[in-house]
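What follows is a pair of complexes built around chain A, which joins chain B in one and chain C in the other.
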Partner chain A sequence: MSKVEMQSEKSEKKKEWEPKIIAFLCNWCSYAGADLAGVSRIQYPSNIRIVRVPCSGRINPYFIIKSLLRGWDGVVVSGCHPGDCHYVSGNLVARRRFAILQDLLNLFGIEPDRVTFMWSSASEGDRFANLIKKVTKNIKRLGPNKKFESTW
Partner chain B sequence: MTEAKKELEKVKKEIIVTGNEKPQVGVYVCHCGVNIGGVVSVPDLVEYAATLPDVAVAREYKFFCSDTGQNIIKEDIQSGLINRVVVAACSPRMHEPTFRLVCKEAGLNQFLFEQANIREHSTWVHMKDPEGAYEAAKDLIKMSVAKARELKPLEVKTVSIEPACLIIGGGIAGMNSALDLATEGYKVYLVEKTPTIGGHMAQLDKTFPTMDCSACILTPRMVDVARNENIELLTYSEVVEVTGYVGNFEATIMKKPHYVDQEACTGCGVCVDYCPVVIGNEFDLDLATRKAIYIPFPQAVPGKYTIDMDHCIKCGICAREDVCEPDAIRYDEEPEYIKVKVGTIIIATGWDLYDPTELKQYGYGRYPNVIDGLQMERLLSSTGPLDGKPARPSDLKAPHSIAFLQCVGSRNFREGGNKYCSRVCCMYATKQARQYKEKHPDADVYIFYMDVRAFGKGYEEFYESATKNYGINYIRGRVAEVREGEDHSIIIRAEDTLLQEPMELKVDMFVLSCGLESRSDAGEVASLVRVQRSADGFFMEAHPKLRPVDTLTEGIFIAGVAQGPKDIPDSVAQAKGAASSAATLMAKGEVEMEPFFAVVRPDRCIGCGMCVENCAYGAIELIDDTRFGKIASINQALCKGCGACSGNCRCSAIDIFGFTGEQIFSIIMEGEL
Partner chain C sequence: MVIEDQNKEIEQLIRDVARKLLKEKEVDVILGYTKGTIPLTSLPIVIDKVEDVDKLIWNNLCYINLAKYLVPRIPTLMNEEGQKLKVGIVSKGCVGRALIHLSVEHQIDLENIKIIGIPCNGIINRKKIEDEIGEKEIFEISISGDNIVVKGEDVEQTLPFNEYMNELCKTCQVKSPPSLEGICVGECLENPIIEDDFSDLADFDSKTPEEKWEYIKSLLDTCTRCYACREVCPMCYCNLCFVDQNQPVWFGKTTAYSDIFTFHLIRAMHMAGRCVGCGACSSVCPIGIDLNLINRSLEKIAKERFNFTSGIDPETLHPMMAFDMEDEQEFMMEED
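Up next is the complex of A and B:
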């Protein structure tokens, strides 16, 4: 079944569907950036659920796959900009890992767009909000993640 | 309240939690005034939280961070009702320390606490979507409870602190921090990029609003710094590497070659008379010249000479015996690298003046009589190129009329502009205008402004006097463009927005009151010490109100304009604050570290060594274990708990305390559905 067919079928089933996206944010840049978006009262879609982790390098690809297996519609991993990692190079380690993961997702038949890897710094509240808007739009386009419904 | 405190003290007992017993979670949903309660229904959230598995109690209160709120949690812990605490409120970056202390004081291990950030991540960002905010808050609480269930008690790790501070930048802020810390008995390494300390303040003539001479208040401090035996002054030096963590930083400092032996040089200055190379003097902003061998200004500290190798032609004259009697010239000097161990770091790197060249409409760089504010300062200065007899650059005659333009490079909301107010320009223009009127009472002085911001102590009075007693004309309006008239005069086209009519004004000199910018190399410094910068490029404080001199990296502080534009009194106040914060940390002798480091499960590890490769701190090595063979071993003293090893472990054999795989899985599994 093509993506388009899946999407149209699902949107017919449930009109009011809102995606749920889990976001792993590094403590030093992205989580602080998300806090800044809050302090600045920048509004973004309420589909995101934020989990604080020390560094994007902490995120084992297994966490992402597990999230998708569990039925989260999208996964975001966000770290410091390259060169600004609080832990020297954790974000670079993460970047390499996720490049490979994207290929693997394809193999599983999961749309790679469900997983977003991004950078946002502690001062980029507006950038964070914009990225979340974009991610939410992408996931809405893909429709609900029911690939592993039988395993729930 | 003290009664209640005493009561709590009496019953206080250690609650022993091994992590194996059934979790009993207490959920505390905070209204935070109307910040949370005004967007979502807190009672509904409490009702929902109470239905979650392992939740023993769920409560609400206006402000859980208040004394009363804290006591509610303490009482539940003390009565044995709960052994895990979840507070659904603001960001843990705000109040995690507060609530950890609550747990600690009530006898519960402080790491059995988890905070659900339903303010910054829900009610503040979904204010216009209360239903969405409610759903988000519900899930965030659910996920926090899921993590709380998996929390294990941890022991804090304490490390000793090196009683020394590295201060980067030797301007008025860095010098004040250095003097305070040195007086308290701490060793200070003061690193300055240029050959002298003093910073931009040394370039100023007088300071507003008291009109005291900048050099008279600055130079004695410079001497104090040089003389203080606890301060190791490293001028013409740069920090090139910083490793380690709070209490135990190691910095590598490059001492750039002066090409003049600083010990041997007596500062006699004979070499300057003989040096044939004449170039623009950056201290006077190219309004005057200097030689290739130079000291930045006569009162420089240390007052020893430096050869500018970018311009030196190596003619060898200065090295002649009859020129340099102490034989101090060293053309082949190499940079020297030294390593220092410090407990804390203060960043006081200062600012750059906004370069107005790109604002072509104002003619800076094109017309000789358009200058910037700092150049005006040098023209007015009694130690400046004109000995305090200001004249216009084209003919060196005193101008009969001067116009100042405010907010050049500040308060500009167009693409690429600096949005912030630079906070000093209104006052320095007023000061310069007054100084000029004092010297030439007949001159016409105009100031084009958007708003006059005279906010500091004595500033409004200073501004008032400028209009009343000095007859300075303040014109509200922006200058559209300027062109050059006859005899290099400047013709200004502007709009007087109070009279609402266009105007044209011919003046002899036009001064652009340029704003302050973060230093061009601020990004490099930020990467070096791993601190954050705000969107405007200045270094970011940990909290804009409560932690204005701290950075998010523990043990690193910021002082002066490096954090954002400010005048001298504010820079000094912040420098003293940063010194005090650094001293507070060092005075304890040791610092508590979050025990969030990596641990290896030997039964799972296959000794592949991937973690060793990924560890940025060299904290992992492969060892031969008698029972498990080759396995990874973590040196917890070096581990920072980033988790790069764990994220890459194909066997899930490495875990990170505080962010274990089980905890994250629990969040993933509970949060959805």
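Up next is the complex of A and C:
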């Protein structure tokens, strides 16, 4: 049993279960957006743990699957709006990949809300906070991710 | 025409074209099928002499996708000077599609290839026959009329061909390879138009996520991860497959369902929009897992999202090689 699972079980026993959500944010827009939400003192759930990546095109589907395998309750992937990518077309390439990944997760029977894709720019602190609120609500409704067991 | 006669006709076509190509020195070698060493199989064979042409056969067990032998990962067909040989390749529809798709991905050069097109009449589902016969050993399998005759250890059974055909072959609409100017010899399909409503998937698609999870789990649970499906797939030509990577180790090597799930999901991810639906992966599976459902769904995803069918047009890029500002993004989360 992985460390994350143990922790989430521990917190389950306490009062209310709080989901753990891993967020892959692109360096140029979404990470700055999250930063803006922070410095503007916008309240949003503390369930997300942020991983900063250079671009949403850097996100390999492995990252997302591995996160689910390791017991994260939800995965958020966020990048620049189409057309705003720092590397011109990274997010457009990523979008096709995400589209197929989303369809495949559905095919294999993972709940569609478990993995969320979104766009948010550096100036959209309140949008970022709103979307994270929505994601957290969705994942709370789904409950803990217990489908996978890691045996090694 | 009954299956038996069709097979004879196809075999004759292969031999005639192969003999002609070799005689006129249009190709250096012919890549085709020959009789397998054990029942229920066929083998690939490379022929470079006219005398050997009679070794080429066609039956309903030629499940291997010969395009696999032309991709760079397999030592390519070269002469002593290290120059690529001109290859004539016996192509049923899916081999032709695989060749076209590989040329889209710049893996093979169609100029070095002659496609010997044949009108494929379906491949037998080996697993289904083995299940039918049970524990008994099969000695010989032949086609008589429209039936499959299985002879084995104190058993002789006649099975209707239509019922024991691969599911993929039942929905297949590209029986002969799509025609390419100057490359196709034999029987090829002019302007194949694929109209598919994916009605065979409707049943599965209406399931809830929980039911889908259970269904796929029961389907894949027995997988031992021997990677036979990867080895036989013409689209799997990476020098280092993601499951063999060990720096970092992405995924576990166990046969726990989590690891099986990951392998099959990422395999599907890599196949999306590329699978040509030859069904070789299901045919070689030693456990008899039928990957048809996943492969058909991949076809459906590529068709519905990007209006793309692999291996039809050598000019169109496949969706994962391109991008478009106007792509659909209904799956992206928006504010309420």
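We take it that the second predicted complex is superposed on the first by the 134 of 152 C-alpha atoms of A that agree within 3 Å, B and C clash if a C-alpha of one lies under 4 Å from a C-alpha of the other, contacts with A are read in each partner's own complex, and residues count from 1 in each chain.
What we mean here is this: a contact is a pair of C-beta atoms (placed from the backbone, for glycine too) under 8 Å apart; a residue touches a chain by one contact, two chains touch by 3 or more.
Since the structure is predicted, the reported quantities are computational estimates derived from the model, not experimental observations.
Q: Which partner does A:G83 contact after superposing on A: first (chain B), second (chain C), both, neither?
A: both
Q: Looking at the overlay, what does A:A34 touch: chain B (first), chain C (second), both, or neither?
A: It touches chain B, and chain C stays clear.
Q: Looking at the overlay, does A:T116 come into contact with chain B only (first), chain C only (second), both, or neither?
A: Only chain C; A:T116 stays clear of chain B.
Q: Among the partners chain B and chain C, which is in contact with a greater number of residues of chain A?
A: B
Q: Contact-wise, after the overlay, does A:G71 reach chain B, chain C, both or neither (first, second, both, neither)?
A: Touch partner of A:G71: chain B, not chain C.
Q: Let me test your reading of the model: by the given contact rule, A:R49 touches which partner, first (chain B), second (chain C), both or neither?
A: A:R49 contacts chain B only, not chain C.
Q: After the superposition on A, what does A:I139 contact: first (chain B), second (chain C), both or neither?
A: Neither partner.
Q: Which partner does A:Y62 reach: the first (chain B), the second (chain C), both, or neither?
A: In the superposition, A:Y62 contacts both chain B and chain C.
Q: Where on chain A do chain B and chain C both make contact?
A: Residues 62, 66, 83, 89, 93, 97, 152 of chain A touch both chain B and chain C.
Q: Which part of chain B faces chain A closely enough to touch in the complex?
A: Result: residues 91-93, 117, 119-122, 124-129, 132-133, 135-136, 139-140, 143, 526-527, 530, 532-535, 540, 552-553, 596, 614, 616-617, 640-644, 646-649, 652, 656, 658-659, 661, 664-665, 667-669, 671-673 of chain B touch chain A.
Q: Applying the document's contact rule, which stretches of chain A touch chain C when the two form their complex?
A: 61-62, 65-66, 69, 82-83, 89, 92-93, 95-112, 116-119, 127, 130-131, 134-135, 147-152
Q: Would you mind writing out the residues of chain A in touch with chain B in their complex?
A: 18, 20, 22, 28-29, 31-32, 34-35, 37-39, 41-55, 57-60, 62-63, 66-67, 70-72, 83-90, 93-94, 97, 121-124, 129, 152
Q: Which chain C residues qualify as touching chain A in the complex?
A: Residues 209-217, 242, 250-254, 256-259, 261-262, 264-266, 268-269, 272-273, 294, 297, 301, 305-306, 319-320, 322-325, 327-329, 331-336 of chain C touch chain A in their complex.
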